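Heads up, the thing below is written out as structure tokens.
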Amino acid sequence: MDQDGTSNSNSFSNRLIASVEDLKVYFHSKKGLLHSVDGVSFDIVDGEIMGLVGETGCGKSVTARSFMQLVQTPPGVIAGGKIRFKSKKTGNQIVDLLSLTENQIRELRGERIAMIFQDPGKALNPGLTIRAQIAEVFQEHRENDVFEKAKLSHVLKGFIGVVLKKYMRQETNLFIRLLLFFPPIRSYKKKLDKAIDKLVTEALAETQIPNPEKVMERYPHELSGGMKQRVMIAQAIACNPDLLIADEPTTALDVIVQARILDLIKELQKRHKTSVLYISHDLSLVRKICDRVAVMFAGKIVETGNSDDIFKNPKHPYTKGLIRASFMTHERGKLEEIDGINAT
Amino acid sequence: MALVDQKKIIENEPIYDSAFKVRLTRNLEILSNVLANPTTVIGLIIVILMISMALFAPIITEPNTPDPYQMPRDWKAARSAPFTPGHILGTTNRGGDVFYGVVWGARTSLKLSLLVVSLTLVVGVIIGSIAGIAGGKIDEVLMRIVDVFLSIPELIFALAIAAILGPSFTNIILALVVVFWVKYARIMRAQVIRIKQREYVDAAKIMGASNLQIYLKDILPNSFSPVMVQATLDMGNIVLVGATLSFIGLSEAGIAEWGVLVSEGQAGISAGRWWASTFPGLMVFLWALAFNLVGDGLRDVFDPRTETKR
Amino acid sequence: MQIKDYIIRRLMILPFLILGTSIIVFALTRIGGSPIGIYLSHEMNPAEVQEMKERFHLDKPVPIQYFYWIKGVFQGDLGWSGVASAPVVDVFPKKFAATMELAIAAGIVAVSLGIAMGTFAGARRNKLSDHIIRVVSVSGASMPLFWFSILLLIVFWVWLGWFPIGRSDPNLFEAIAHPTGFYTIDAVIAGNFAAFKDAIWHLVMPAVALGYGATAIIARMMRSSLIEELQEDYVDAAKAKGLAENVVLKKHARRNALVPTVTVIGLTFGFLLQGTVVAEIIFRWPGLGRWMAAAVLRGDQATIMTYVMFTSILFLIVNLVVDVIYANLDRRVELGD
């Protein structure tokens, strides 16, 4: 991986956090091979919000999922290309996300690269509390922090440590569950739970959720759509990732909530200096928050540039069409916003 | 010319005819989808084999006189093992030829399943339609009756009825009819209510079609597919339950029926004579399996929602 | 809140369903003719027969007879079992325990095996192991229990001699007290290991035979609902958090896939219950099912009536319980939003 990084270092500039090169993802379907992503290349500059725009089905979500190796294979096939990523935590080492093993990519998922999904109602597990779902991120990636916070670093070695680690990684079987039920391990477990509770509360507070202690005991269906998306965001930024992928994070929400979520993402991005890949079909939204934009059409990038430049001076006819279309929705959005203000 | 023809069609032919044509092409499409699933095809092949065995039973084995549905008794060759000359699958303790029972059992099973399915289907469809169309109190009363019927496990209900009517094959048929009509009533009612709300029924109403017309031309044909799926599954299940009742001893002893034969063969098991129960039981299994496979295949095609469930 | 209303509604309907069932079954038993034969012997003269008729109210019209039957039920009198030559009430508890022991053992087999097989197959969709489990589960629903039981009998009793038939070794059975009637539990209470082993040993074949069909149904449902859950967004979201494949499968997908499976488990209980009739005949298990089969062949109406009522009440209650569990498990049921 290191060699890979150095041999291409001239093309991978220091300014970048990630770079997609000639990515090709195909899908087997009844009608033959579908070229969903067909040679896509673009860069994400460290600390910027990069927009990826295109209509539904043009391959933008597949591109985003490729970052995390979340494309289902089969029916999907990664037919070629590279996604290079600079992991700031491990000394700016440059890796190809597509060629990592399952365990290697797992270490990055949720830790260095995080994702916000389109529909928070579907992306949260309906059967688990908010606490349980956010806690998983800490349990997976912040084991040492949790032990330290619980002041349990001293028991990490030895049998009790093994049991508690299994508990943290959720690798419990009947035997371990039995051990966890009896003292003294029971009291250690409670301390760990308290430490996790604290971390979860902090993460929720970060996204300006009121009463995080209460919200965390709720199930997803008990929260509104906007709240759910805040929970998703809290979960995504829990480990302060280098790259946040937001896959149409506001599409499933109504207009006013949309604006608030956008503000939140922008604010968090500034505070944590996270890079963001923002995916949307709505060019006007993208213009509001993105520094640069790549326009995607039928599996290919047709235009890349500064978002203002593209908006004012589109070159590709498809981009022009997209701008015209988004103008209409933009206007409508504006009207609704005004209405809302007048009413209150 | 062409224009005139079109006009003629529009004016003279009732609107339902073109709907029929649409349905026909759709059904052909469905058929090709059904045959695309290998397990369905396997089921279909077994079904065809079983039915031809039932139909050609008098050709395959010489019918027993006077009643071909009675097992022939060859007391001299009793308890012979499979591949004995003249008794390819062996005989029972009482000299019944297992092969004869297997072949004529198919005929008995076909008779049983066809009779029960057609009777339950008619009864169920009529009651379900009445409930769905009438609605209100009639619907409420009929559905509570259905609930009561559904609250007794199938086999036990059939067992009790058959027991009360007395042991005979005809009574098994009756018992199964009493138990199995309920599902059709439920399906039919649900379909009627669902389809009643559709736009094309409203359209037909606006065009002045009477209730009966709407029922016969719109509702009934559209309820066809779920009823057919259930009927196919029942063709298998009825033989399964019927054979179980026979096995327990509710048909006349000595008839050529798979369950009866298994029961007869049971006597020889402790002495190691496994064949007399094994072969007829296998037939029941294959029969039920085949119809279940075909029924599942049909359901997958008719109801796309379950497609992912496979 | 809706759940509560729903449960109350169901509870209110329950007595009416039971009443309806009893009317239908009673009417049916009387269609078959008067049950007087059970009480008669060959030596009785017509006057004595008439006396018997009056004693059991069989000279009255059927609705009045039904009334007397209901009255009897509330007084703890379920009639006289001709097959057992004893009052139904006296025979019932012992046989009930035997049948429940068998049904519960089969249920444990079916639930644990079914969920394990369904999870295994669903997680390895379209691999060889999935295909094998699919064949097993498809065949399970079409498998005649009487045939499968006989096959087990031929292989494991006649040929291999591994497992016995019947419920117990009489000597061991007599050696311990039977406070619960459940042989396994009684053996544990008595602290008699030999009896416990004997109980388990006798349970294996009938429980596996009886449980096979239910295993197939549960495995099939578990597989399909797991496959459905695995395609949900939250599974990808869980993976995106960096969780191990195994954790995603067990903690996220399987947990939710269990919800619809619970309803099917309730349905298979009826399946198990009716299967005991056949399994008890073949494995010579001294339970309700075998009693019922004998009663059916000899026209023992009191036994038939009691048995049918008992199974349908049990069936109704189990289904109600399952519905309650389902409503509580399924977080997707919106409670006013």
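Labels A, B and C are assigned to the chains in the order they are written; within every chain, residues are numbered from 1.
We adopt the following convention: a contact is a pair of C-beta atoms (placed from the backbone, for glycine too) under 8 Å apart; a residue touches a chain by one contact, two chains touch by 3 or more.
Predicted, not measured: the structure shown is a model, and the values here were computed from it.
Colleague: Viewed as a graph of touching chains, is the assembly arranged as a line, ring, star, complete set, or other?
Modeller: Graph shape, chains as nodes and touching pairs as edges: a line.
Colleague: With respect to inter-chain C-beta contacts, which pair, B-C or A-C, contains the greater number?
Modeller: By the number of C-beta pairs in contact, the winner is B-C.
Colleague: Please tell me the distance, in whole Å, between the geometric centres of chain A and chain B computed from their C-alpha atoms.
Modeller: Averaging C-alpha atoms per chain gives centres 53 Å apart.
Colleague: Distance between chain B and chain C based on Cα centroids, please, to the nearest Å.
Modeller: Comparing mean C-alpha positions, chain C is 26 Å from chain B.
Colleague: If you average the CA atoms of chain A and of chain C, how many Å lie between those two points?
Modeller: Result: the chain centres lie 49 Å from each other.
Colleague: Can you list the chain C residues touching chain B in their complex?
Modeller: Residues 13, 16-18, 20-21, 24-25, 28-29, 31-32, 138-139, 141-147, 150-151, 153-154, 158-159, 224, 227-228, 231, 270-271, 273-275, 277-278, 281-282, 292-293, 295-297, 299, 301, 304, 307-308, 311-312, 315-316 of chain C touch chain B in their complex.
Colleague: Within the complex, which stretch of chain A touches chain C?
Modeller: For this pair, the touching residues of chain A are 65, 68, 70, 102, 106-111, 114-115, 117-119, 122-128, 136-137, 140-141, 169-171, 219-221, 232, 235.
Colleague: Over in the complex, which chain C residues touch chain A? Could you list them?
Modeller: So the residues of chain C in touch with chain A come to 232-234, 236-247, 251-252, 255-256, 259, 329, 331-332, 334-335, 337.
Colleague: Note which residues of chain B are touching chain C in the complex, please.
Modeller: By the definition above, chain B touches chain C via 39, 144-145, 147-149, 151-157, 159-167, 236, 240, 243-244, 247-250, 259, 262-263, 266, 269-270, 272, 274, 277-278, 281-282, 284-285, 288-289, 292-293, 296, 308-310.
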